[in-house]
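First chain written, first letter: the chains are A, B, C, D and E, and each begins at residue 1.
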Amino acid sequence: MLGSGLIQGLAVTAKNLVGSFHDPARYTNVEYPEVKTKLPEAYRNFPFLVTESASDPMGTLRCVACQICEKECPPQCIYIEKSKDKKPDATGKMQLFPAVFDIDTSVCMSCQICVEVCPFDAIKMDQVFEVATTSRFEALLLNRNQLAKPNTYYHSIHPTEAAEVDGRLAAERKAAEEKAKAAAAAKAAAAAAPKSATAAASATPPSTTPTPKPPAAPSAEAPKPPTPAA
Amino acid sequence: MTALQLCLVFSSALFCVGLVGALARSNTILVLLGIELMLNAANINFIAFWRFSPSPAPATGVMFVIFSIAVAAAEAAVGLALVIAVYRHQKNIRLQEANRLKG
Amino acid sequence: MSISDLSPLGAQGGSHVRAVHDEFHGDLLEVSMGPHHPSTHGVFRMIVTLDGETIVKLKPVFGYLHRNHEKLGENTSYLGSMPYTDRLDYLCSMTNNWAYAIAVEKLAGQPVPERAEYVRVILAEITRLLNHTCLAGFLMQDLGCSGTPLMYAFREREKILDLFESLSGSRMMCNYQRFGGCRVDPSADWLEGAKQLTDGYGQFLDEFEALLTGNEIIMARTQGTGVLSPELAVAAGVTGPMLRATGVNYDLRKTDAYGVYPRFDFRVPLGAHGDVYDRYMVRVLEMRESIKILQQALAGIPAGPIMDPKAKLRGFRPKAGEAYGRIEGPKGEIGFYLVSDGSPNPYRYRVRAPSFINLTILEDMCLGQTVADAVIILGSVDIVLGEVDR
Amino acid sequence: MIAAATTDAFLERAPVLLRDAVTGFLPEPWRTLVNALIAVGLILGIFGTLFAFITLAERKILGRVQNRPGPNRAPIPFINKRFFGLSQPFADGVKSLTKEDIVPRDADKVLHYLAPVALLAFSILTFAVIPYGRNLVPVELDAAVLYFFAAGAATELAVFMAGWASRNKYSLLAAMRALAQLISYELPLLLSWVPVVLIAGTLSTTAIVDAQAGWKFGFIPHWHVFTPWGFAGFVIFMVAALAESNRSPFDTPEAESELIAGHLTEYSGFKYALFFMAEYFGMLALSGMAITLFLGGWRSPLPFLEFIPSYLWFGGKLLALIFGFIWIRATFPRLRIDQLTRFAWKFLVPLALINLGNTIVWSLMSNSSALMQLARWPVCAAIILVPFVVLGRKLSAGVAPRIYRYA
Amino acid sequence: MNAVLIVIALVTLGAAAVAMTLRNLIHSALLLIASWAGVAAFYLWAGAEFVAFAEILVYVGAVSMVVLFAVLLTRRSRADLTVTPDSAGRAISGFIAGGAVCGVLVGAIVATPMGVGSSPTPTVTVKQIGVQLMGTHAASLLIVGVLLTVALLGAIVIASADRTDDSEDTP
């Protein structure tokens, strides 16, 4: 009969009207500025640079200014200038560091490719999303001082991933020390062959598995500053 | 001037406005509207005479006006349908050009 | 001479139509609908010529959202194009990713682990749910519902987006698939969440259909509106639910049998009339089939690596050659054509965007219908301007 | 009436007593004038406030139907408490007052200005004859129902003026749609209340309410809606009222997804607010008239509930009908204009005419024996139900749910 | 009392006269509606409540709509709404004829001695009208009903498009 479908529809809306007052499955709203949902661990927004210590961020940047991320960034929002001098990195090896590291967050599309390609776990995705500013150009161009955030912060936002990264780094460091010892003992040449990209690639993808895979530390190959691929 | 005379003057003035419109304008719709005005002027007369007649009991004036309004509505409907038909055939509604009987 | 005789090809240019109509009809009213019209799904524009409320000519105008996507693809590395594919059809980034990944994998001869194939199917079918639900909501909004079906659709979409976010880190721009697998291995928790969503979705669809499918107003508005003939649909290269609504049995999941789809038991719903109602119903029925696929896939997902261990992420240089990878996206056949000259960037990068190709027959469907119908016909085509304009 | 008034509770007589207390000392001609002014002010004040809160309620209910909270942000000034966004209407009012009033360069400026004013004026005029409570009718007219619909008929003119004066193609289309729609639905609207006039034997609203006094068996009120013809008339009236007040599913003139905002496209600021207000006033007035004609006016549904003042009953019924309007808006999509006019001419008008005949059968049978008294219920129900089914079949011919095949 | 009448008359006449001289058809139609409303006000003044509401219902509610529809349907572009100026001769002759009729009528009215009907305002209730319509005037009511039906059908037939004839008749 004409109208039965209409009445069925009215029943559905009535059910929802009533349900929105008592059924949390129907009324799923969160009133944002006052209440915030917990961000999932995997959430990403803009990148930041990991530093080992909070007190001396510029001195302990993990970044060695290898410029891979600059090259791989699809919208090309990263700008890096290498330093003239070197400083020791976490493993005690002398490394370059970025004299200038700028990210234009008005261009960045939060794709995470810089994180994936970084062989040093130096750049990670931040979770800060309330980044509105009043200035269109200066405030959205972040320099390395603004980008640098300590490892503890990284642990606070991506705990699983950070633990995995730390484990891997520790293993690498240990391997490097052993290797250095072995090298010293053997009086071998210091230079190592340019490492392949495969190792970096298989080591880099972050994982959110509940049981983090044991860091597959390649004991034979310590990560070396990769000679940038042509 | 009595109220009745005022009413009648009002009605005849309205009648003449309608008449001038119907005669002087060449747009068919305006001519029709002029005729409607003339009908209204006539209705005013009915009401005025009913209102000021010595024995207004039978409400004949009111009856007349009711029927007159009904007829006017019919006239407007048919008239405007004719206007649309004329427009359909000759693409304008100027009265002077609607001079062919067929089509 | 009737309005239907004014074929789109015969009515080249406004002068012809005007001449015809000066003789036989009243005035023509030319209305520019869009690009900032409320129901042109973004920045689409239709220049509609009306006789009364009947459409005698419709000229689609697009390109307001052109972003040089294909040229960018030629100047970006293979990996770098992946996040750009998210932004083609921004409702279905997972299927866009997959189609692009398939194209590159074909080009490079890259195998994909089984678990990754299962995850891809799961994500593609969830994306289909997401897209079809949203489309139904948008279509009903175009029909004049005061937001109610749209809000129900968005409520469910929110759950799907939460799943996407917890897996890939982003709600819409997932950037999840990689050449040779997926970026992140979904956890057991995540799979459990997907299972819950799948199990609850049938119930939501029942309620959604109770609100809409039997509604006399919707049936009166959509049945017989915007009829597309199977011949024209095939000739114009229309794919996806649009094509199946005309009754043509063409589903790449069956015909190409890519991925692990042959392992799943599902049917392909077909329409008979090719009108707006069929397009809506075919999508609803497809969602029910997707739920079946999801249940099978979630039950049968094997353990194992998510990425091929030999897959290269950086410095990816496939040997010279060409490849066309396509999948059955929610909107139709989404395909990527790649030509490699051995350099890190593709030599040619081309997208077969289903919404763009499905949109080409808009005028044929709209002629003789009213303005109100044009809006819902456009809505039933299911376009996303990010993909149309690229 | 007088006897009832004296035995009534104090609350029942409160409005009249209050008015007399204020104006009682004035000499006669002045007293009437002041009373009239007070009535006008009260109607404007009460319905203005009602309008403000109905817009809020509509958005809130729509929100809840759609599983969202609706507007809940506007704080109450100075104390900065939100109170579920209760002050949203005032925020909206201030906003629309302070917004720039944009008139298109090519618009017909005078008509563009006059349209909202005319619409509001006409829709306020209709409030004059509705009995809001016992002894609470602003103007006692002999032909009150006719007056109501005469004043209401003029509103479509204002919609046309707005659409035409805007010089916008969407507005023009909307104006044409509005004309077609309002002409089509005027007829079933008028025909649907003729049975009431036939049964009550009067065109006066107070007399119609009086005709619905009393209860059958002590609990079924003698409201017209509780008869077969009355129910059919009520439904036809409400459907036509939906169309007359441009509400969903008949909101084709301002169809958002098709015509941007239809005749309101080129209106902004306070003129837009006036339109908005006039449309809600029209809806309120038509609901009030539906209550008067079919739902027993201000009468209480059950005898023991009579202690509640009559004006509260009227208000309660009004809010219930408004809720119905909102509920329907939240559920239904929009009809196309040709389907809408077809629905009016091929379904509502014949049904209303049949209902008129039905009423005649009803009243003829009411004078006969007890058996006939009983028999008239099924007979009259059948007289209206059979055409409903048959006309409904014809109207929805070719429109049915479909079975789909799988490859 | 008379002052109210004069105001009503002036408003009505002014609206009608301006409507008849305007070149914009829509404005003309809307002003005519105002003048019809004036006539309805006169009926109210005269105590014919029912007629006044009927006048508004029929003229403002229905006839005006049909007129506006006709105006919109018979125009070809926006410019067409302003009708071309009529020939001066036609206008002058119209004015002369109208003026003459007006003069004769007003003269006759003023010259005729009218019995000053100081009778109280006659009242006519809806019930009386109904009884009269159904009793004394039942035949006329039926005839008017038939007339309206025929007119409606005729209007539909005339205005409905007969496209087959069009092709041979168009010049």
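Here is the rule we use: contacts are C-beta pairs under 8 Å (C-beta built on N, C-alpha and C of every residue); 3 or more make two chains touch, one makes a residue touch a chain.
As the structure is a computational prediction, the values presented were derived from the model and not from experiment.
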{"item": "Common touching chains of chain E and chain C", "value": "D"}
{"item": "Maximum centroid distance from chain B, chain identifier (CA atoms)", "value": "A"}
{"item": "Chain-chain pair with the highest tally of contacting C-beta pairs", "value": "B-E"}
{"item": "Greatest separation from chain E - chain, by CA centre", "value": "A"}
{"item": "Approximate Å spacing (C-alpha centroids) for the pair chain B, chain E", "value": "5"}
{"item": "Chain A and chain C: spacing of chain centres that average the CA atoms, whole Å", "value": "32"}
{"item": "Computed distance of Cα centres, chain B from chain A, in Å", "value": "85"}
{"item": "Euclidean distance of C-alpha centroids - chain C vs chain D, Å", "value": "43"}
{"item": "Contacts with 2+ other chains: residues of chain A", "value": "2-3, 6, 9, 12-13, 16, 26, 28"}
{"item": "Multi-chain contact residues (two or more partners), chain C", "value": "148, 152, 155, 211, 213-217, 219"}
{"item": "Two or more partner chains touched - positions in chain B", "value": "91"}
{"item": "In the complex, chain C residues that touch chain D", "value": "29-31, 37-39, 50, 53, 140-148, 151-152, 155, 211, 213-221, 223-224, 249, 251, 254, 267-273, 277-278, 281-282, 285, 370-373, 375"}
{"item": "Of all residues in chain D, those that touch chain C in their complex", "value": "62, 65-68, 169-170, 172-173, 177, 248-249, 251-252, 255-260, 329-339, 396, 398-402, 404-407"}
{"item": "For the chain E and chain D complex, residues of the former touching the latter", "value": "26-27, 30, 33, 49-50, 53-54, 56-57, 60-62, 64-65, 68-69, 72, 78, 125-127"}
{"item": "Of chain B, residues touching chain E in the complex", "value": "1-10, 12-27, 29-30, 32-34, 36-37, 40, 43-44, 47-48, 50-59, 61-63, 65-67, 69-78, 80-85, 87-89, 91-94, 102-103"}
{"item": "Of chain C, residues touching chain A in the complex", "value": "76-77, 79-84, 86-87, 148, 152, 155, 158-159, 162, 165-170, 173, 175, 183-185, 187-190, 207, 210-217, 219, 307, 309-315"}
